[in-house]
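Look at the two complexes coming up: chain A is in both, with chain B in one and chain C in the other.
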Partner chain A sequence: MATVQVSEAEKVYILHGIRDDLRVDGRGCEDYRHMEIETDVVSNTDGSAKVTLGHTAVLVGIKADIGKPRPGVPNEGYLEFFVDCSANATPEFEGRGGEELGTELSNTLYKVFNNKHSVDLKSLCISAGEHCWVLYVDVLLLQCDGNLYDAISVAIKAALFNTKIPKVHISADEEGGKEIELSDDPYDCMRLDVENVPCIVTLCKVGHRHVVDVTLQEKACSVASLIISVTHTGTVTCTRKVGGGSLDPESIFEMTEAGKRVGKALHAPLMKLLQQEESLGKTRQKVGFLG
Partner chain B sequence: MAADMRLPTFQKSASLSVSAFDRKDLVVPGDVITSDTGFMRGHGTYVDDDKLTASVAGEVQRVDKLICVRPLKTRFNGEVGDVVVGRITEVQQKRWKVETNSRLDSVLLLSSVNLPGGELRRRSAEDELTMREYLQEGDLISAEVQSVFSDGALSMHTRSLKYGKLGQGVLVQLSPSLIKRQKTHFHNLPCGASIILGNNGFVWLYPTPEHLEEEAGGFYTSLEPVSLSDREVISRLRNCLLALAAHKVLLYDTSVLYCYESSVQHQVKDILKPEVMEEIVMLTQQKLLEQEG
Partner chain C sequence: MLKSKTFMKKTRSGGVMKIVREHYLRDDIWCGSEICTECKQESPVLQRDPSIESNLCSYPHYVIPDTNVVLHQIDVLEDPVIRNVIILQTVLQEVRHRSAPVYKRLKDIIHEQEKHFYTFTNEHHRETFIEREPGESANDRNDRAIRVAAKWYGQHLEKAESEADALKVVLLTNDLGNKQKAEESSLLVYRCEEYIKSLIGNPELVDRLALSNDDKHDITSSKVLFPEHLPLSRIQAGIKSGTFLQGTFRASRDNYLEATVFVQGEGEDSTEVLIQGLQNLNRAVYQDVVAVQLYPRNQWLAPSSVMLQDEGAAKDDNEEDKEEEDEEKSVTEAARKPTGKVVGIIKRNWRPFCGMLNLSQIKESTRHLFTPADRRIPRIRIETRQAATLAGQRIMVAIDGWPKHSRYPNGHFVRSLGNAGDKETEQMVLLLEHDVPHQAFSQAVLSSLPKMPWAITPEDMVRREDLRHLSVCSVDPPGCTDIDDALHCRELDNGNVEVGVHIADVSHFIRPCNAMDKEAANRGTTVYLCGKRIDMVPELLSSNLCSLRSNVERLAFSCIWEMNHKAEIIKTRALTLSSLEVRFHIDSETHDPIDLQTKELMETNSMVEEFMLLANISVAQKIYDEFPDCAMLRKHPAPPPSNYDILLKAAKSKDVEIHTDSAKALADSLDMARVDGFPYFNTLLRILATRCMMQAVYFCSGMDTDFHHYGLASAIYTHFTSPIRRYADIIVHRLLAVAIEADSTYPDLMDKQKQSALSTNLNYRHKMSQYAQRASVAFHTQLFFKSRGILNEEGFVLFVRKNAIIVLIPKFGLEGTVFFDAKHKATPKLVFDEEGPTLKVEQHTFHIFDMVKVTISLDASNIQHQKIRMSLIEPVISGVSVPAPVVEPQAKKPKLDR
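== the complex of A and B ==
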């Protein structure tokens, strides 16, 4: 991830601040920065969302394509993730510099969504064993200011909410094979149920306390972090430890509990905001990238 | 604890002073400045079809026959005597490389720093080997620009007791064009913190030291925990600085102080919300106008 250098004295200042629950920008240890979410920003995708968390900006586009189901699960569709760390975010990502981070992020996303309940994959089936919908989720990092996992997961949830998959009719053609017809009406589409889509919470261990939504300076003072993906009921779908430092099993338990609490609290305001945005309908003024 | 999520809105710039636009001559790249061929072209201009055209966005400055355009947003172009806050990026033979938000890394020569104890002597080979004990990579320093090399790199010195290594505090990185040039850049604000407004856009906030340190050169940094009240003041100042910078208000001790006073009724973490930022900056600009007029 993009790193900044901090001096020893700055590290001590940040450490003591977190110990007293007053971070450099006045937040508590479990507060998020100001978040702005907008959906339907990319016109040639089936669903898209842009999330700005502090200075971190993430753009997600989802395209639905017809493909062959996976061998073990003939009546389910699937999701494919790809994370592109663009050089816009930081010069470190130029050329192939962002590849490592991109693969790490997409592998984590695969793990997070690798269960039956996050997205209803059966609804993505068209005809068992032959055709299904494949959702290609493309994530683009525009700006990097810490806490990429959380921003990406919120953006994916918003984009999935926004995704409109066209309805298909299967008819038999002359030779007895199946023909797929897309309906002519552009508004005749299927929406996904995103109730159970998890959100990722990153908890970084700084000193003896754990912190949510770290900035780059605070990340430079932490040696280990825990990434937890939590659904709206508090169920954990994936846990991952990153960083070179070690974590005590007791602190892992504490961090998991805190992560569940924080993650659970993320879903309700997000769904409310997405419903509100949807209800504005055509009258909504799209801000896009020129705000 | 709940995350603050909202839909994005177009950012309106809170600018009260319309008269400011009458005084300044602002141009964007491609704007024709003059068709008169009698003028010499300076920085930020080029000749296109016998017309003098601007190549950067900024204000036009005219000195007799020389026309140049000073850009509004640019890297720091240092002059002799500027106070800068920089971060050490490299330790080389007999000098340190310092990052100061300019086009090239600035240089801090070993002969330009004060040795601990205030001794004045020739630097020996041993001093060269122990350079890292004084300043390491990542350390922050405040220094003054001594001279400018021919390629534009700055040479700095910390040969005064007020300059040197910086201890505990918060660094805010802003655009150099927002810092007003003043007689002194070191201020002890009455709200309970101290501020160094570096000309290069780096602003350093730190708790006011209780007693003046007698040690020379400021190489001793205290790692004692800072009190909670001081921390709150510093966090509030940091958020106010970011709010002022987002609305392109010129930064100097008075504007920072007015902004701090206008923000007192809000919680520290709320200051970064767009509507609160707007409100605070409007109040600050009103106060500044009242003070001027």
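== the complex of A and C ==
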């Protein structure tokens, strides 16, 4: 993971600031940095979104393909995750440098998103036991400036919202042979219900307090952080502790409560934004990667 | 400006792919009109004054047809009257997608400068490109694109010229919905028929209109005659599951109610499905690709052996010839064949057909039946106002469709070929019906010719051996201009003899993949008709630069052997077969045949032939050794033993034994076969043997394992000696040139798939050219008998059939059928014995080889199918034979006749 070196004096300055609910860039402890979201940025995917959070930038593309349902759940589709830590984001990722982080991130993403409570996996089934949609979620880190989990989760939710799966119907002949037929209208698509898709809130223990959306400097001052995935109702679906230090039960409880509060507040404006963007349709001015 | 086009595609593995293509829009696409001052175009295509007069549009205008108009009315668009047409890119793409032949024709029109057809790339024009909208089908989107482009043109031209008589654009569409929408956006729009009919002074153009769907209703009764065709999706599902079979529809030449569908199975096994009855034939036309459903085994039928011709006149749509359909139900089990019915058409293979018009009984009627020259094609109903002029002419007609309530398909007049019976016309019919490419060579082809005067250059000499010091001679009939082979022979110092075969080096002039090469590959062979030659390569090559004429320097490919005086090259005996070749003595002024004789073979001919065979075999071995995967060879499969049945039976009747174990045994026993007092017996037997043979074919050595040439008794064979008139020889020359490092290779030459496809075409062209040749001989024979009136000649029975004998007249090399069951006469008592085979007519029994006397005359009652009629004179059978008519002595000096 990308790190920065912080001197002892800087550390004290950051710690003292947080203690007084005032962070280096002027935010409060539960404030996010400026966030930008744009969907439908990669035309050859079925759904895509780009999220920038401070200087952190991630791109998520979703490709839908037809596969075979998992034996245990014949009437559900599934998601596959791959996180590419490109050396664009930080020189440390060069070569195989980003591999470990990528695996760690994608493992977490499987836990958070690939279950029927988060995504309506049943709607991805085409014919039980035979064909289902597999959503390949590719995450590309463009720039790292802390708080990757939150940025990625927001981008995934936006990309899922944006995903258009072509409609298919199964035609069966007399012999029982099944044939998948594709609608020839490119606008004839299925959309996913993303209401229950959670967002991840990472809380970082800095000193005696905890903050959300840490910058790299703040991160360098913390010993441990807690990853919480929260749905729009405030339900916690997953928690995970990362970092070398330990957390006492009391602060875990406090952090969870804070995470719920922040996560619940994150969903409503996000959905509003996505719907707004969608309603613009083709008239929307695309920003893309150069804007 | 950049747009992207997105569409979904199913991949072969069953996945779904999203494909995104970048689509660039430009603002430098010009309108192509002469009046436009805005567009910076160099040579505008559309004229300033498009002079076409129409009742509907009194103003000067350009025409924009939509896709369906182009697809269905291409015959109209080809007419020289129709000019100044804008073909939109949308239309061009759709046409290309839906019909390759129409696309080719459209491209040809566009390239013709006289036609002033302009292609407007509206899909890349910034102002006329549109994106598909949600809920819009691909067709609707294209229709909209056409309307948008038409609208743009209207506004653009208005801007260009401020004068009152500004040019307008007229959109032609037959789609009512599209027309309505176009009218709403205030475009000038007409239905194609409407517009064509409004054109002043071109009434014959209306005949060329293809009938559109709504026109068809008033032509026929509403009674449904045929079962509905299944949609393609169901057909495909059925073929996949095995309930239907896919095959090529082959109508019977002799019986219009019968056809077979040839189903290509896995590998070698292929089946033929018999289809009988109009309902089961279900509107399939010869050569269509159809889906058939088999009947259960107990409903299988045997092919009928009667000849039936559709004599129905135009009006008797509804009265079906019932008795014809349910005849011969009592067939033996063995004769039954898989029988089925056509359930759907996978691909129509309609082309314009040659034929003649049957005038309707009603004088004023504009609807007539057209009878194609090919009996396998059903009659076609057409609409024309020039019936009176077209009667007695050979015309071409294209099929437009075959609705399920119509007894005959509907079509439209394409063009007239000339008066029936004229030599020119008949020749044209012959060429068209046998699919012989006979147009003059295009400019592109001619531009690949070497510049004249041509001379051998020093570069040519570098890789060649100079044989100009040798005396080389050719043996060819007088008047032959395409001489592709020559020989030389000289004594060597060591006492041996050197013999060389020199073949014109055509591959030096025809370079791979240029226009001339492609044209030659397509033509495949030169076609020789009586009095006409349709060249495979332009005349400059065939009769001059490549022709090994005397006293000129020519490039050649030579094959040289050294042999001792006894010519001891191991000789494999080739099978000498026989078929009579006829030669006409043609009157030099009228070009009518005045005499007819069978070709005589000279000793020198067979010597040349012997050497050519030798050259071909040597070359075949050489190229096969060098390129085992892609050598172009020729094989002649051994016929299955059952083919010989008739030959063996015939020989046995004269107590002669024929061995058919191998080509050599056959050749030897044919040589031995003699009957005292019957000198012609041997020739007759050889003619019979020829009929037993299979067709020799070209093939690519990498695609086959059986190379044997049965007729020549050679393990390997190819064609090397006539590159001027056969394309296979050119390929062989190229292979040989690469093998001896005289020339470089090119990818297609080494690609066995491409070679194989090429051989298929060559085989097809070769077969067709032979048919055309035969048909040409038949036509000239008819001309000859027309001028000679009735003749009495001696002949031999060649075959015995159930109701006829086939007689060969040696004097003319003419074969004819003597029928014993004439329509208007009582049929005599006929007993057919298959074992003999013999036919007993009343008291007299006919055997093969019997000598008979017949009278020969021309039967011109059916002008389209004129034929030679033979009637029996001797032996005299009462009620069957005819008295010998008095033959008028031929005028001694034919010139007095004129």
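The rule is short, and it goes like this: the second predicted complex is superposed on the first by the 285 of 291 C-alpha atoms of A that agree within 3 Å, B and C clash if a C-alpha of one lies under 4 Å from a C-alpha of the other, contacts with A are read in each partner's own complex, and residues count from 1 in each chain.
Criterion: contacts are C-beta pairs under 8 Å (C-beta built on N, C-alpha and C of every residue); 3 or more make two chains touch, one makes a residue touch a chain.
Because the structure is a prediction, the values reported are computed rather than measured.
When the two structures are aligned on the shared chain, A:180 is found in touch with chain C, with no touch to chain B. Judged by the touch definition given at the top, the superposed model places A:9 against chain B, while chain C stays out of reach.
Once chain A of one complex is fitted onto chain A of the other, the partner contacts of A:250 are absent, as it touches neither chain B nor chain C. Once chain A of one complex is fitted onto chain A of the other, the partner contacts of A:66 are limited to chain C, with no touch recorded for chain B. In the superposition on chain A, A:270 contacts chain B only, with no contact to chain C. Of the two partner chains placed by superposition, only chain C is touched by A:168; chain B is not. The partner that reaches more residues of chain A, of the two candidates chain B and chain C, is B. Looking at the shared chain after the overlay, A:44 reaches chain C, while chain B stays out of its contact range. Overlaid on A, the two complexes show chain B and chain C touching no common residue of chain A.
Taken together, the chain C residues at the contact with chain A in this complex read 4, 6-10, 14-16, 18-20, 131-138, 233, 237-238, 240-241, 243. In the complex of the two chains, the chain A residues touching chain B come out as 5-10, 12-13, 16-17, 20, 22-28, 30-38, 52, 262, 265-266, 269-270, 273, 276-277, 284-285, 287, 291. On the side of chain B, the complex with chain A involves touching residues 1-11, 87, 89, 136-140, 166-171, 221, 223, 225-226, 228, 231-232, 235-236, 238-239, 267-269, 271-274. Those residues of chain A lying in contact with chain C across their complex are 43-46, 63-66, 166, 168, 171, 173-175, 177, 179-180, 182-187, 282.
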